[in-house]
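Okay, got some structures for you below.
First chain A sits with chain B, and in the next complex the same chain sits with chain C.
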Partner chain A sequence: MKAVKTESIQIDIQHLTRAEGHGNIVVDFDNGELNECALEIVEAPRFFEALLRGKPYQQASHIASRICGICAVTHATASLRACENALGIVPSPQTTQLRKLNILGEMLDSHILHVYMLVAPDLLDVKSIVPLASSAPELVLRALKMKKLAGDLCQVVGGRHTHPISMVPGGFTHYPAGESLSDLHDRLVDLRQEMDATVDTFQDLRFPEFENETEYLALHAKGEYCFIDGEIVSSDGGAWPIEKYQEVTNESVVHHSTAKHSRNQRRSYMVGALARFNLNYTDLHPKARSAASALDLKPKCVNPYLNTVAQIVEMVHCVEEAIAILAQMTPDGNAVELPVVPRRASGEGVGACEAPRGTLYHHYVIQDEAITFANCITPTAQNLANIEEDMRLLVPQFCDRDKETLSHYLEMLVRAYDPCISCSTHALEVRFV
Partner chain B sequence: MCRGAYPVGVIELDSKRGQQCSSYPIQRVHNTPGNAVLSLGNPLRGDDGIGSRIIERLKTHPLLPENVTLMNATTLRPEYLLGMKAYRRIMIVDAAEIGRQAGEWIRIELKTRNISSSLIKNFFSSHDLNLTDVIVMGCILDLWPPSTELYAVQPAQFDWGANLSERVRKAVPHICDEIVRRLSSPSHRVVPGKPE
Partner chain C sequence: MKKPLPKVAFFDFTGCEGCQLTVLDALQTHPDLLSAVEIVEFREAMSEKTDAYDVAFIEGSCTRVSDETRLRCIRERSKIVVALGACAHTGGVNAMRNNHIIDDLKRVVYEEASDHFEAHHTRPISEVILIDAFIPGCPIDRGEFVQAIKALCMGTMPVIPDYPICLECKLHENACLLQQGKACLGPITRAGCGALCPSLGIGCEGCRGTIPNPNLEALEMIFSEKHCAPHELRSMLSLFLTHTLNPKEVLAHESS
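Our next item is the complex of A and B:
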């Protein structure tokens, strides 16, 4: 049957569901003209940078961690790396491995939440995880089991599930016992079955067919699938040291959002699992590449809906990398190391990590051990302009569908980016004239 | 903090004023596995920390029966459901807008059986999984304990800091005594394998 193009569509979704924070989708499509197409971020800024100013650098990671209850480990790690770079602290290899292990746990936890609890209901035609528990209980039980283990991994390494307490500048205040690490190792080996089942489940599910060839940005380091440090690389070419992050993010204020928008070499860019997959595919664990093959995901993929599939691939990678790290640490556990002391009391530094949703930057100036300047740029804020670019392409392509279907596709699109809207809001610069 | 109505099905069994206390002595009971007390709320947001304070006080309560599990959870994560099947009864303590004077509290028994299929079908969560979502999901998955009691305490304030308001603070020992009394009383005791 030939599709009939809709003459006029007005969509006003307040608020988007199954996403963290409050965002509205507004579309005005009239006589083939797209008059308005926006993702409005309507939450108030939270002023975390202002909260950091004047505080001792030793408190920064604990304050910054509170920016997000999902990406707490990544915020803490980026904050620690910014302080360490500012003060000339070089953490030990053991500290770096433990931090990586903690980030792997958080990445796994967040991806399970997004894949199973936020996206799966769309693909299985239910309204949320609650009816899914009735229609597909084995799937929900699997998700709960996986999520429990990811949380336990964070708790053992960071001292608690959310907002790690044992990570400090230069090291750790507490080291997990050998038995705890050994137990985690064995449970993660068992979790491979759940990962295989996850791949099996999602290779049968269909995502909307839509493409937007855009610029992808991620951290990159030679010989590893980079989550901490490295350099910023672009799918359009180019590499930047993390200290030059502002040359990449180029933030600007838009009138309909309390979060800023970013652009690099085009009007917008994408960060997150799909960007990492596209840019760092060869550094994925072989089992993760096999999972990608089973899921029919190949670089360079330009369908933003498949960010969820890239997250499943990363889940396999995280499980395998965590098993490898834990195998090195058991059975003796970690050596007790005192945190490395700073070489100076003042300086400027940038820390960068890959959060579940994409690249995260923390930038501090420290004067006599107190923070005098702070800037934090979250991945969701960087993705907002790209989401709107996708929406502008998607509406004319799918305008032959009824309004309900189009609205659903738009909601699924925003959800695919796994946005953390509350964390993306930012204090706007006010100039008095 | 608990908000809104509970579509699970609610029976308010009794309510007590904050100044009231148990009027009869209780004796320490041994060996009561299958019972758990779980607190919700942020201990750094004023009266939202009432649950946390109650758990802390129960830890040193001389008459708390043995083998009662005390959980200071702050939020009810869905993965916690996996551990719930071990219990026959769960007592949840949280601050809640119940339309009463600050420090007054009520005990609510949640009827978690026979959740209608239409309720399940239309269940959606706007952002996170709240207490109701997780309880309903636990019931569907046959993980939730058969007996659920919610101790809802009317807060006065949710200011920053670890301090409770005076009226809510005064309610803490009375709620603890009531929880211990119900855990200890033969008529209220839940025995593993014998649903209440």
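Our next item is the complex of A and C:
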């Protein structure tokens, strides 16, 4: 322990607010010794992997989407890709584009929620977005307008904002009306103003200065900023096909915390917007890259607090990519295609997607159309070890501040990862004594 | 003198928080709601906290002993308690675990570490505390939530339909999915969503709970007449209706 401060600090933040799911932050720093430093996961276990067993594969994506209300579309998509890979289903290019559109909508929605409603109050020194409604109404109205459009995008494609309905293995059961696609296109073009204003707003806000270089992992595919399929790449070098995800995630029970943690080539790694930005920067839309330079974000960035800034850059990218896909679809609308029929009734497959918080894996074994094994690795579960590594480095660095400031920095750190705790069904309830 | 606004709070138990997100959606489309009520607690979106509520909306199921204490505490502090969404109302997808031995599930997911944490069978919150109203669905319907807030502000209770989805499907002039041999729980499921899933070509999965006195035998007959496999019906009924259809089994497990 390199810290020299003699002061003792005990922090116990129960049920962290402005985060998805339930988590506690516990720190015990005594005479320069860090006795304890943990993010406790107190969300009740959900058992989705066990519950998927025995279910017909056709129901899997609808069950999987219920893992999380915020990243329902990504869970559904990864689940569908796992079933499709298991059963030899190759979806049509139109299906792939529609799914991508749905994921872009969810990415945008989730990032807006995180950036404006969960993080911005910290930077503007208020407790929530509610007081901002009177002190900075233009900011709140802008956030609400952007979020509404992102939700509408998901609703038009998947049939509902939260928990998509019409996405099924092999395709869609329903296609959006041509006019709703062109309406979305036009509204997204208008939204560029709000995106510019977002970049302007956050240019002036200060994030804590803190660096902790780690291994960054994300999906990567040639010629696109990858959100679905692709291969796994690492900032430490190396690439893995998604079927080999377990070699990368290496989930294990860590005895000091009893929470499952992931490690690849170091003690921990990071997934999410900052990891994608660091690894796939050149694939970002040119407008997103100019937003990054306006926000002074350059790869490789190693300040985890700036994950939020990487999310803003991705928001610009999502708006531009959605506009491009919709422009391609709008002249004639979608062709009505029947879902592709499976080639076999049994098999094993992995589906991988970039959820707003990082890489998400679903892995199924299917026998006679029923799921016999399911594994699901969520981004938050992968990030837990890295969050704790950051906390361990941060506490001694900032221990000369008062307890309130340090607590606030820790809360902001955890929030920066945008943890989706309902999602991390894998993480055990942790109890420290 | 201006009447104080009703104090409204949101609490979450075991669930995906998708219903709370739908509440945020409702605030986007109906920002005037914020001038009709005062939101005093909403962990997912706010750091502020308070101790007394006119209306408490509870999302999620009761799956731990510790949840019971928290639920009773909320009940004591609230004039009106509303179950928000399928997990709170019927146990939702969480109740699927009630068809399994919990220790087996723990071992499947957490292997040798499974003894480190607490998990029980799933119960809707109405089995732990008295509730005054519910807003069904997975997730809740945005319009229905707005209507419920309006009703509560006027001192009445939200009106939730007790007729089946089939009626709404007919109003939409949808071709019947059961007639096409596709599994659908429309005949026994509570309406109010506008037959959303069947309108998009997906059979109703029963997320809004059953109508009073659902006729399961008749549904089984329709399924077999239309050549839907019986295991398809069983599997579909287990998605959201496990607890509704087997509440006694849970109690037997809990007391053993």
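Note that the second predicted complex is superposed on the first by the 414 of 433 C-alpha atoms of A that agree within 3 Å, B and C clash if a C-alpha of one lies under 4 Å from a C-alpha of the other, contacts with A are read in each partner's own complex, and residues count from 1 in each chain.
In this section, a residue touches a chain if its C-beta (ideal position, glycine included) is under 8 Å from a C-beta of that chain, and two chains touch if they have at least 3 such contacts.
From a predicted model like this one, the values you see are computed outputs, not experimental measurements.
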| item | value |
| --- | --- |
| Clash or fit (per the criteria above) of chain B with chain C on chain A | clash |
| Touching partner for A:P137 - first (chain B), second (chain C), both, neither | first |
| Comparing the two partners chain B and chain C, which touches a greater set of residues in chain A | C |
| Which superposed partner A:R160 touches (first chain B, second chain C, both, neither) | second |
| Which superposed partner A:R46 touches (first chain B, second chain C, both, neither) | second |
| Partner chain(s) touched by A:G238 [first = chain B, second = chain C, both, neither] | neither |
| Contacts of A:I129 with chain B and chain C, given as first, second, both or neither | both |
| Chain B versus chain C as contact partner of A:H15, first or second or both or neither | both |
| Contacts on chain A seen with chain B and repeated with chain C across the two complexes | 15, 17-21, 117, 127-130, 133, 144, 147-148, 151, 161 |
| Contact set on chain A toward chain B in their complex | 15, 17-21, 117, 126-131, 133-134, 137, 140-141, 144-145, 147-148, 151, 161 |
| Chain C residues touching chain A - in the complex, by the definition given at the top | 12-22, 24-25, 27-29, 31, 34, 39, 42-48, 63-64, 67, 92-94, 96-97, 100, 104-106, 108-113, 116-119, 138-139, 196-197, 199-202, 205, 232, 235-236, 239 |
| Chain A partner contacts - residues on chain B that touch it in the complex | 77-79, 81-82, 117, 120-129, 133, 136-137, 140-141 |
| Sites on chain A touched by chain C in the complex | 15, 17-22, 43-47, 49-51, 53, 55-56, 59, 62-63, 66-70, 72, 113, 117-118, 121, 127-130, 133, 144, 147-148, 151, 159-163, 165-166, 168, 173-174, 253, 258, 260, 422, 425-426, 428-429, 431 |
